[in-house]
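Every chain is named by a letter (A, B and C) in the order it is written, and numbering of its residues begins at 1.
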Amino acid sequence: MALLRIEHLNRRFGGLQAVSDVSLTLREGAIKAVIGPNGAGKTTLFNLISGALAPTSGEVCFRGKAIQGLRPYRVARLGIARTFQNIKMFAGMTALENVMVGRHVQSRAGFLASMFRLPWCRAEERAIRGKSLELLDFLGIADCAEVEATSLAFGQQRAVELARALALEPALLLLDEPAAGLNIYETAEVGRLIGKIRDLGVTVLLVEHDMSLVMDISDEIAVLSFGQKIAEGVPAVIQRNPEVIKVYLGE
Amino acid sequence: MLRKNLALLPLSGAIIIVQLLTGWTDSVYYLTQLTMAAYYSLLIIGLCLLMGYAGQISLGHAGFFAIGGYLSAALTTRSLVPYQDHFLVRLLESAGCLSAGQDIYGGPLLVVTPWAACIIAILAAVLIAFLLGIPVLKLKGHYLAMATLGFGIIIYRIVLASSYFGEADGISGVPGFNLLPGLSVSGDFATRVENYYIAWGVLLTALLLLRHLIDSRVGRALRAIHGSLEAADAMGVDTARFKLYTFVLSAIFAALAGVLLTHYNGGIGPSEASVMKSVRYVAIVAVGGMANLWGALAMGVILNFLSLRGLFGSYDDAVFGLILILIMLFAPNGILSLNLASWWRRAGLPSRGKEGGGA
Amino acid sequence: MTIELFIQYLAAGITYGSIYAIVAIGFNIIYNTTGIINFAQGEFVMLGGMLSITLLNFLPLPLAIAVAVVLTMAFGAVIEIVFIRWLVNPGVLRMIIITIGISILIREAALHIWGDNVRALPYFIGNEITGIPVLGARVSPQVLWVIGTCSLMVLFLSIFFQATSVGREMRACAANRTAAILCGIDTRNMVTLSFVLSAGIGALAGAVMSPITYTQYDIGTGLAIKGFTVAILGGLGNSMGAVAAGLLLGLIEAFSVSVVPLAFQDAIAIAFLLVILFVRPHGLFGSSAVAGLKEF
């Protein structure tokens, strides 16, 4: 069954049709990439799925339920986590604390329980900490746990952001240009991590510019150009698609 | 986590030592200002949570202080005899929330008991904070500052213009507040030491609760909102709800401070609701370093104590204005963030540790 | 309501309305070049009034006002140079707090210099009881002075911003600071100039209005919050909107006297601000899409 189904999605900004009649399906357990030249509408599509934008028309179905137009925090609670193109670490918090914020939807202590530190609340806090450390370890940055997140190297911040997103225990992970700003070694490392994440059973949808990364790790690729989907298929097919080549290399 | 709270022990020790010292040196009168400073600091650490951790400015917190103080003062002094038959008054009476007595002319007097008045005052603050917070917290920056400032001025105008709240004279003759049998918040000479411990007990309890809060799921969510609203949203944090609850919580702290200080002083005047007071609280939180409860507490006690001692004379407000500017110009992260070691180095003096004197 | 009373309220509404409009335009000028809301804007008005009253002891009235305005303008420049100019990328919260601090210092200094007495300049023509008949009511000539001066200031400012090269450079700063720097405009001096201009128009308004409205060391906060209401209502940064919104608020306030006790008048104006902020934060004439682009 399709985990995510997008049907005839449209988004207009004034006179600009940023996303035009896009339909996609995402199989559970797959890594799917959305590529396309600058201004093709990739990020808009992303924001429409994550709830940062509402579509002009069309439908986004997650596990058979329509989610378009829900606020981002509601979307997150359904099991969709995301990362940001320009990493958004929580300043003034350690890497570990950043990941612990990701456990928000999986825990429930409120104002009163936290202030009076009720016994169940302490147990929950220990569980949050344990799980977060586990995730940092899984992504190979356990030794950064107590360092302030914004002072980490860029590649490490990317890993913290992935750990933070995984802390939600999402069924679907949205990655907005995970290799942006990384050098080739860091990019390869991120590719390896994404593979590990898929092996956990998390479905991944990513937007990316870096062709080598996309061709390497994706099970399927969709190509956008001027807001429209012009091709979809496995990497080997996409690489030979004449229309895709035209979009990328010009006439 | 436990280790962080150990700092409360030396502080408790210091509180006891100060009391003993004033006893030995025959300067018990200092305790009065220290008690008042503790109540103001209660408001200030609540505001610190709102400004430093949730990142929302409020220039109207004197308004919440006044709601607490004025309501409890009015309810415990204004006689309800003329309204005896009103169903609300009857309801209060059947709930045992009224106390009968005689006024100074020997006439019958029917007032609300301090406990009931305190609860009503705090509920009123909660309600107003909710109603104000829902629209106001959608605003940012200048808009939020002006909206909260406007709220503060409205409260000030209302207490200044209503005869129920005593207009320019305020309300005096507020009775003591019997917290427990034998333990009462009042300005009575005989209970000065007792009240000093009550005030500091309340303040330290509040500090402990806030420290717990900051080091919890809720506190992390608040700091995340401050760090990046968008990312916090994507982590499933209902940012609007958390900002609102924090606003309400800080309003409760402010109202409680108003209630207790009013009973301690035996009255309240309109200057407690003035804009200058709100600005002063913001200044103290800023000096303490915004996201620093200990800093807010320390500065709250020190600056309020000095001000109450009359150290700044007629330049009281000017001093707080100057503090505000200097801190924001030279040390926007608070006075404790000034790296004295690097200053010494620049001044050509040797310094010991690399980070010595930093925080 | 009799026609006579109606005219009286109308005149009061327009008088206060033009002052609010001038304060709002002062906010706008600084906001446009810096993105800062200067919380000390109301203090410029107070300084204009107080300085000219003091100077009147040594100088004839027109000269006293002129010198007071120039002094306040110089003061505006000093504030910008001492407190604002050298800050690198200050956040909004920091700027709010600094300008609030400045307003407190000015107010407290005024209290120590002039005391807490209510003061006023004499009427420019005639005295309190002089009146020009308008439809059976009598309107003080000072009202005409206030309205006339404020109108002239608005006219002067629009000519300045449209037709002079310095004015155009300031508008360029407002539109896009980085682009203005790249075009060789010294944006820092433009910021100083915006403080000078705001201080100047505030001070002139403060002097002209003082015979009718009186002045006191602490009138700044009230004027600032109402001027801000007007600036928001007219659309932040939009000076013509500010004029319309200023008159609207002035009239609402004046006519509310017949319904609400005077003591609650400020509360009414501020409640109005809160409602505006909640319902139409982009103002009556602005569009929400444009407001969303501004930094707050």
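The criterion applied here is as follows: a residue touches a chain if its C-beta (ideal position, glycine included) is under 8 Å from a C-beta of that chain, and two chains touch if they have at least 3 such contacts.
The structure displayed is predicted, hence computed values, not measured ones.
Chemist: Return the chains common to the contact lists of subunit B and subunit C.
Modeler: Touches both subunit B and subunit C: nothing.
Chemist: Among the chains here, which has the CA centroid at the largest distance from subunit C's centroid?
Modeler: Computed centres place A farthest from subunit C.
Chemist: How big is the gap, in whole Å, between where the Cα atoms of subunit B centre and where those of subunit C centre?
Modeler: Spacing between the chain centres: roughly 34 Å.
Chemist: CA centre of subunit A versus CA centre of subunit B: separation in Å?
Modeler: 43
Chemist: Can you check how far apart subunit A and subunit C are, centre to centre, with Cα atoms defining each centre and the answer in Å?
Modeler: Taking the average C-alpha coordinate of subunit A and of subunit C, the gap between them is 49 Å.
Chemist: Contact residues on subunit C for subunit B in the complex?
Modeler: Residues in contact with subunit B: 37, 83, 87, 90-94, 96-98, 100-105, 107-109, 112, 221-222, 225, 228, 232, 261, 263-264, 266-267, 270-271, 273-274, 277-278, 281, 295-296.
Chemist: Residue numbers of subunit A touching subunit B in their complex, please.
Modeler: 50, 52, 71-73, 76-77, 81-82, 84, 88-93, 97, 100-105, 107-111, 114-117, 121, 124-125, 128, 164, 168
Chemist: Taking the complex as given, what residues does subunit B use to touch subunit C?
Modeler: 57, 59, 135-136, 138-143, 145-147, 149-151, 153-154, 157-158, 160-161, 275-276, 279, 282-283, 286, 314-315, 317-318, 320-325, 328-329, 332
Chemist: Which of the residues in subunit B come into contact with subunit A in the complex?
Modeler: 209-210, 212-213, 216-221, 223-224, 226-228, 230-239, 245, 249, 291
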